[in-house]
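Right after this note come the structures.
Shared chain: subunit A. Partners: subunit B in the first complex, subunit C in the second.
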Partner chain A sequence: MIEVYFEKIVPLMLRGVPMTVLLMLYGTLLAAVLSFVFGLARLSRFAAVRGTASVLVELIRGTSLIVQLFWIYYALPHLGVELPKLPAAVIAIGVNYGAYGSEIVRSAILAVPREQREAAIALNFNSYQRMRHIIVPQALPRMLPPFGNLQVELLKGTALAYFIGLGEVFYRTMTQLNYYLYLLVPIFTGLLVIYFALSQLVLLLYRWAERRLAAGRM
Partner chain B sequence: MEIGFEIVEVGSVVNEPYEGGGKLSMHMHAVPLAETAAERGSVRPMVRFRNIRKSFGELEVLKGVDLDILPGEKVAVIGPSGSGKTTLGRLLMTLEEPTSGTIEVDGEYLWHMEKRGKLVRADEKHLHRMRSKIGMVFQHFNLFPHMTILRNVTEAPIRVLRMRRNEAERLALEMLDKVGLADKRDNYPSQLSGGEKQRVAIARALVMKPQVMIFDEVTSALDPELVGEVLAVIKEIAADGKMTMLLITHEMEFARDVADRVIFIADGRIVEQGPPSRIFTQPESERLQSFLGRFRAYRAGR
Partner chain C sequence: MNELIPALLRGLWITVQATFGAFALACALGLILAILRRARIKWVSVPMVWLIEFIRTTPLVVQAVFMWMALPRLIGMPLSALTVGILSLGLHYSAYLSEVYRSGIEGVPRGQWEAAVALNFSPAQKWLRIILPQAIPPVLPVMGNYLIVMFKEVPVLMAITLGEMLLAANSYIASTFADGIVPYSLVALFFLAVSYPSSLLVRLMERRLNRQRGTQYGNRIRNRRSRIRGERTV
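The block that comes next holds the complex of A and B.
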């Protein structure tokens, strides 16, 4: 029984790991880009930009991730946009976590002292240069810890892609479960372990990045 | 650096203006060339405030200020805290927008531009162009904490003036050398004392070669023993001559030593102005007399 578990089921479960990691990486990339786009847009000088960004962020945060995923994968084809499973999952996850990430970006930028902006104006940096070279580099270390949390949330959120049949860890596991119901407890325990190990890996990376960014300064 | 400062008794000065304070007499020559030029009306002011008003909500901080500063002139602004003197500098650096009135720098409107014959609010492009003429050193230094000292000084020349890196570094090291901190080039701001930070901030502003430099209470945040090194650096820059300077300060002896003209602001208005030799020895207005009196009492008590 134990042999079956370790020799057959665990390897099959692990074959889902690359897809989970891939979904997480692409999702994170999209989420990071959108975090900055929405976060900066909500700090824009122009009320129209601020308003549009706020409405979008609230719309995304106010609807559930799984409904968004289903909408993108099942409803969008009826509107003429047919997406394969991975892109659909990446978009749903990236947009959703990007909306949450925008709040992190926004508040980290607001936490940079006003005087830094003034010093940059006095040196005649233009508004892009002020953001890019003075404000954001100082906001970045502040963003990392909450981004780490959000990234772990995102990793765990990738399991929802099971519902559209994307072959990641959870999906691979659930398809095995039907054949090995008597191993239900070890199978679900194994799932916990896999997600836990992946989360720890992500957090480790963030700790390393935090140390790198903090080195030498402040 | 002498910290002690004796203001000659108002009464005694009337009779014997040069004898009351031995130190003061050294500075009596400082009748500014600029002022005589202004009297002839031949020099265009570098900075011109025209009926400047500034309110923050209900509070009117500046209540109609008119002030011309001539090219190369060193103008010290003194006054009680809350008098609006810092706001004056912040308006000139475009950090605050005047509620009404105009500011001209080098013959051009700062906060306005002409469009189809009408004066309209300046856009970013205009402000950007005007800011290249103006520099500022802040009370709290405002160095960039994420950059080394060298990067703090080279960043603006490289990004804003599009200077080549090695050229910017050469210039930056020259300026850091001028303020005595070239050996700190690879340190971060957090590793420096307040006085050192402020000297770096001065080098950072100088490297952009502004025509007008604003020093906004640059020693107010420093420990007393560090004030001297910063003032010495500013005196040296002032001695170079060409730069127009607006020195917002609490350091009376510094104002006396460096300034061609002293402006006394109280309650949002210029109450009195003149050469330091007169302002500090023969204040005319009651406000200035009591301000200097309080200042002296504070010094004596220290």
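The block that comes next holds the complex of A and C.
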């Protein structure tokens, strides 16, 4: 029994890890970009930009990730947009967590002391330079801890790709489960441990980045 | 269409039941976890820290399917999807809520703890009469947030055949060969229609609470909130 578990099942489960990690990385990339786009748009001078961004963010946050995933993968093809599994999952995850991330970006930027902005204006920086060289570098250390938590949420969210049949860890495990039902408990424990290990790895990386960014600043 | 909306409303009702059931469980279990975590005995507090971390950083879907398949075997009788759904959702969010309680408890000034000792209160009296009445009100808005987060997480439980809205939409699509646009859009709309007003309500509650007790109190709450590990917003 133990041999079957470690020689057959664990390798099968581990074969899904690259897909989970890939989905997480692409999802994170898209979410990070959208966090800044939405976050900055919600601080825009123009009411129209602010309003549009706020409505979009509320719309995304008010509906569930899994509903959005189903919509993108199962409903969108009827409107003529047929996406393969991985892009569909990446878009759903990236857009959903990007909306949550925009709040992190927004509040971190708002938390930068006003004088910094005023000093930048006094130094005749234009609005791009102000953001790029003064505001964002100071807001970044504040963003990292909540971004770390959000990234763990995102990692957990990748398990939902199981519903569209993308071959990540959870899906791979579920497709093998019927042959090894007598090993149900060890299989699921192993699966949870895989997710736990990945989460801890993510959090460790963030803690390392926080230390790097904090050096000489705070 | 004539069948779709009633089916979705039935799904909504099940979603609401699952949400409140799980929330009640998470509130109770989260408090127990938070108090055990503060235990002076290392053999209790350290495993609790890791247990909370483990529950919090692994996916709810996996936990739910695990419990759905393993629990009936373990206790030797079948369980309904709603029961397992409430158990798994409640357990998952008890880990989050324990962090919320923790921040509330840590925000209670030290003098209050000392007063409990000075007045010779028993541990039960100390918690029920002094600490919790001061620890919980400031974190109520955060708990409200989690209620909404949990509501939006219920469709994940379609993995264990819980007949909530998304599963209802799926069954409708399967039986009528309709395309998914209208059903899935309606599901999204229903979620929005419940969760957006609720989130406004929570925001209102937060503002009320701040105003009621003055800005100093509001700042204290904000400090407490910044200490909540892994807090999720709505």
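Note that in this section the second predicted complex is superposed on the first by the 218 of 218 C-alpha atoms of A that agree within 3 Å, B and C clash if a C-alpha of one lies under 4 Å from a C-alpha of the other, contacts with A are read in each partner's own complex, and residues count from 1 in each chain.
Here is the rule we use: a contact is a pair of C-beta atoms (placed from the backbone, for glycine too) under 8 Å apart; a residue touches a chain by one contact, two chains touch by 3 or more.
All values reported here derive from a predicted model rather than from experimental measurement.
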### Task
Could you tell me whether subunit B and subunit C fit or clash when both sit on subunit A in the superposition?
fit
### Task
Have a look at where A:184 lands relative to subunit B and subunit C in the superposition and call it first, second, both or neither.
second
### Task
Check the residue A:75 against both partner chains and state whether it touches subunit B (first), subunit C (second), both, or neither.
second
### Touched partner set for A:153, first subunit B, second subunit C, both or neither
second
### Query
Counting only touches as set out at the top, which of subunit B and subunit C does A:63 meet: first, second, both, neither?
second
### First, second, both or neither for A:174, with subunit B first and subunit C second
second
### Task
In degrees, to the nearest 10, note the angle that opens at the C-alpha centre of subunit A toward the centres of subunit B and subunit C.
100
### Message
Tell me which touches more residues of subunit A here: subunit C or subunit B.
### Response
C
### Summary
Superposition result for subunit B with subunit C: lowest C-alpha separation, Å, rounded to 22
### Task
Using the superposition described at the top, list the residues of subunit A that contact subunit B and also contact subunit C.
none
### Task
Show which residues of subunit A lie in contact with subunit B when the two form their complex.
115-116, 118-119, 121-127, 129, 133-134, 137-138, 216-218
### Task
Using the touch definition up top, name the residues of subunit B that touch subunit A in the complex.
93-95, 124, 128, 131-132, 134-136, 138, 140, 142-146, 155-156, 159-160, 188, 190, 204-205, 208
### Query
Which of the residues in subunit A end up touching subunit C in this complex?
58-59, 61-64, 66-68, 70-71, 74-75, 78-79, 100, 103, 146, 149, 152-153, 156-160, 162-163, 170, 174, 177, 184-185, 188, 191-192, 195-196, 199-200, 203
### Message
Under the definition above, what is the set of subunit C residues touching subunit A in their complex?
### Response
53-54, 57-63, 65-66, 69-70, 73, 152-153, 155-156, 158-159, 166, 169, 173, 179-181, 183-185, 187-188, 191-192, 195-196, 199, 229-234
